[in-house]
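In the two complexes below, chain A is the common chain; its partner is chain B in one and chain C in the other.
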Partner chain A sequence: MPAWLDDFLWTYQNLVYALGINGLLALSMYVVLAVGQLSLGQAAFMGLGAYSSALMTLKLGLPFAAVLPLSVVVPMVFALAVGGPTLRLAGVYLAIATIGMGEVLRAVYLNVDLFGGALGLSGIPERATAPLIYGLLGLAVLALWLIGRSGIGRAMEAMREDETAAEVMGVPVRRYKMGALLASATLAGLAGCLSAHVSSFIGPNEYGFEPAVTILSYALLGGIGTPLAPVVGAWVLTLLPELLRGVSDIRLVLNGVIIVLAVLFLPNGLLAVRMKRIGARTAA
Partner chain B sequence: MLAQQLVNGVLLGATYALFALGFTLMFGVLRVINLTYGFYFSAGALLALWMARQGASIWLALPLASLGAGCIAVVLDWMLLTRLRRVQAPELSSLMVTLGGVLALYSALTSWLGPDIRRLPPGIVSADAFLVGDVRVTAAQILILGATALLVGALLLLMRGTRLGLAIRAMAEKPDAAQLMGIDTGQAAALVSFISGCLAGAGGVLIGLNFNAIHPYMGEAMMLRGFVVIIVGGLGDIRGALLAGLALGVIEVMTAGYVSSGLKEAVAFLILVAVLWTRPSGLFGRAVLRRA
Partner chain C sequence: MIPLLDLSGLTRRYAGLVAVDGVDMQVMAGGVHAVIGPNGAGKTTLFNLVSGLVPPSAGRIRFVGQDVTGLAADRRAALGLARTFQNIRVFAAMTVLENVLTGLHARLAVGLPGVVLRLPRFRAEERRAVARARAALDLVGLADKAGQRAQALSYGDQRRLEIARAMAPEPPLVLLDEPAAGMNPAETEALATLVRRLSEFGATVLLVEHDMGFVMDISDTVTVLNFGKRIYEGTPQAVRQEPAVIEAYLGHKVAARLAAGAKAGVRGAG
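Then we have the complex of A and B:
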């Protein structure tokens, strides 16, 4: 590794980790938005992944190679449990129910001693590395891109445009919604495990309403045309405050304004490319 | 003890109901879950605080802060939502735009004023308390109950007894038809925003009086309760919001008193999750909700 790169990575280590982890979170939002579901439980799934993996490392002393794959178990089980009832909900009801789910979990972390209460869990060893994080991110983008180009991807797009019509055409809507929720829980759980094992500390307030909104803003800014778009959105929103050092205390103000402007003026996101149009000749 | 808890619970519930009324009105008529709504609550409380520090009495500060919050609501609604309403964007877009808006507003307010908890000047309401049997009722609590009853009465009178109310209800029923009948829907939308903002602002002042703790993020904690109340009561249902608000206040106070104060927050969401699982259109809701 050349010296300048080594230097750079050392200085911006946290930023490098955050870019990869936020990219995974953006993908976890993407998979539910791709089937037209405004499910805002990603921060909650991330919290479950972070807490369960931190406890496995700290209390059970499992090696990281085992903790990482196991960290998706709790979020997935939780997604299966809440998926049945919540997938019946549409639009704003789903959004509110999933926000409520996050708040219930936050109350649990705060009130149960095992989770360390308001102090959270600290002293988690730093086991995750940048190549691991980016490897997983690359794999996730590749997998979602392949799915998007397959028949399943077209069915998902049909569901997003008109759920009733898709169902009439024989798309197994419920099964796809559940699949999307499980994929979302898996990605967010992995992101939670990775973030717990790079920052050495986790607390109950990292997985509440504001992170949920921030994750949504990644996907909104990037757009949901291709899996790469939300990742770009996450990178822009993570890098911007670093580039604008002087305004870092109004970072959240900027995030909010970006969401407003993105919805009003870029309804399809920064990268408003649609997968099926790539390479196809557009009719005039 | 039980009677005292019940009184405290009903008073808290009255403020929840007042807050949720504006929220549910906004949804019922404008078809928008407006997340900036909690900001009007904070704005009302902070405006009243500022006026009280300038020496205004509560009789002046409460109505003025409420009207001020109403004006803020009209401006924000115009900035964020008129464009989306014109192109008839899906409801998710308006939810997201207000989500972004409220994030920016709270953060801006916090970086301007700081996150500290502020207190109203002492003596803004007389500290007298009355004993009814064993139950202690403070002057502030009587003011809260009186103001809530007055505002709810005025709202019901407006909605059920005037032509303006009729226009608003027509718009809730079918916006296009209302427009064809000569109702200026843009104006009616602004009016609904104004009324909702006033209700939220008044709620903010009253909660500020009740707990004597005012800070920029107070509206966010309230919003989460507002969601519970309007969903349990049925989206857009005024009567449902009143009943659900009162019930939530009583249940919270009882949980804090007899179980654990840490569970107070979680209880609201457990109720929400239970209602969404069993009766997603609310306890009093019908299949299609068109009430305003």
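Then we have the complex of A and C:
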């Protein structure tokens, strides 16, 4: 590795990690929005992945090769428990239930000794690496891209446009919604495990309502036309605070203004392209 | 011979209203079966019950000899029950071809692993689906518009697209919910020709329609609903003569006067 690249990575190590992990979180938002559902539980799923994996490493002494795949189990169980009753209902019930789940979990982390209370868990060994994070992000984008370009992606878009019509066309909407929520929990759980194992410390406030909205804004800014779009949104919103360091007093204000402008003037996101799937080519 | 669709005692209650009230109805394979009735007679609710969008309060639905009363709409679609909507519901941002491909969703068998790994059978299935979708577009006369966005089509063409999307999986039964609504006389005539051709595609047609000329023209059997109840069923010719049907549409007084007038006419001629 050339010296300058080594230097760069050393200086910006945390930013490099954050870009990859936030990319995974953006995808976990994307898979739910892609079937026309709104979940605000991505931060909570991330927290479940982070806490469960940190405990497996710290208390059980499991090797990271086992901890990483196991970190998706608890988020998936919670996704089944929350999605089972709420995905049958139309409207905002999933969003409300997932917000509630996040707040309940935050209270549990704060008040149960096992989770370290307000101090959180510290001394988590740094096991995740940048190549691992970006490898998983690349695989996730690729898999979602291939799905998006298939008939399944077409059915997902149909659900987004008109769920009733999609169902009558034979799209198993309940199964797809649950599948999307499980995929979302998996991606967020992995992101949580990776973030816990690069930052050595996790605390209850990292997974509350505010990060949930930040994750949503990744997809709002980037768009959901392709899986790459929300990742770009995440990267812009992760880099922006760094670029605005010079004007740190009004950093949050500028950040907010940019999101509002994007929603107003780019309703389909920065990358408003449709998936190039079979039969999608338009001819006038 | 078992009926293709067999409704027995089908009932749907809403708070304070019985939209469909103990309807018994059989649709035999082949031909065109129309359901008519005044506004609020329960026709659309009946369609929503049959396609599985609304659960019945009581009664049974059998389709191709199988009890589908408890099946979700997508499972019924997979069994070969297709439909269109009264208020057009095409997927506006998709192309015409994609819309029809979506109609074939229940016929796609390759699962997630095959899709992600792009197995040869995934590609073969996609090619077959496109061929079937194009055949369905041919049937309704939209083949040259396959690459257009659905939202760019004219009203009449969007209705045709809905029919193509429903017909693509070659369903044994297709439900058309007011297919002639909002069409001009020329479009309605073209639609009548198309509906008759659907049976060549192997489909039995069950339709709800307000345009009586259209119904009388193309139907083999007509079922009349009023206030959620089946009040008559027969050939179009028989329905026209039936006093109960005339009363449902025109009210008791007019029906009585017409009946009296008819008798007087007969006497006068004699």
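We take it that the second predicted complex is superposed on the first by the 265 of 284 C-alpha atoms of A that agree within 3 Å, B and C clash if a C-alpha of one lies under 4 Å from a C-alpha of the other, contacts with A are read in each partner's own complex, and residues count from 1 in each chain.
In this section, contacts are C-beta pairs under 8 Å (C-beta built on N, C-alpha and C of every residue); 3 or more make two chains touch, one makes a residue touch a chain.
As the structure is a computational prediction, the values presented were derived from the model and not from experiment.
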**Q.** chain A residues touched - chain C or chain B, whichever exceeds
**A.** B
Q) Looking at the overlay, what does A:N111 touch: chain B (first), chain C (second), both, or neither? A) first
Q. A:L220 contacts which: chain B (first), chain C (second), both, neither?
A. first
Q.
If we overlay the two complexes on their shared chain A, which of chain B and chain C does A:R174 touch? Say first, second, both or neither.
A. second
Q) Does chain B (first) or chain C (second) touch A:R88, or do both, or does neither? A) first
Q: Name the contact category of A:R154: first (chain B only), second (chain C only), both, or neither.
A: second
Q.
Please output the residues of chain A touching chain B within their complex, sorted ascending.
A. 38, 85-86, 88-89, 91-93, 95-97, 99-101, 103-104, 107-108, 110-111, 209-210, 213, 216-217, 220, 249-260, 262-264, 267
Q: Flag every residue of chain A that touches chain C in the complex, lowest number first.
A: 143, 146-147, 150-152, 154-155, 157-158, 161-162, 164-174, 274, 277-284
**Q.** Residue ranges of chain C in contact with chain A within the complex
**A.** 51, 53, 72-75, 77-78, 82-83, 85, 89-95, 97-98, 101-108, 112, 115-116, 118, 122, 126, 129-130, 133, 146-149, 165, 169
(Q) Show me the residue ranges of chain B that touch chain A in the complex, using the header's touch definition. (A) 33, 80, 83-84, 89, 91-93, 95-97, 99-108, 111, 220, 224, 227-228, 231, 260, 262-263, 265-266, 269-270, 272-273, 276-277, 280
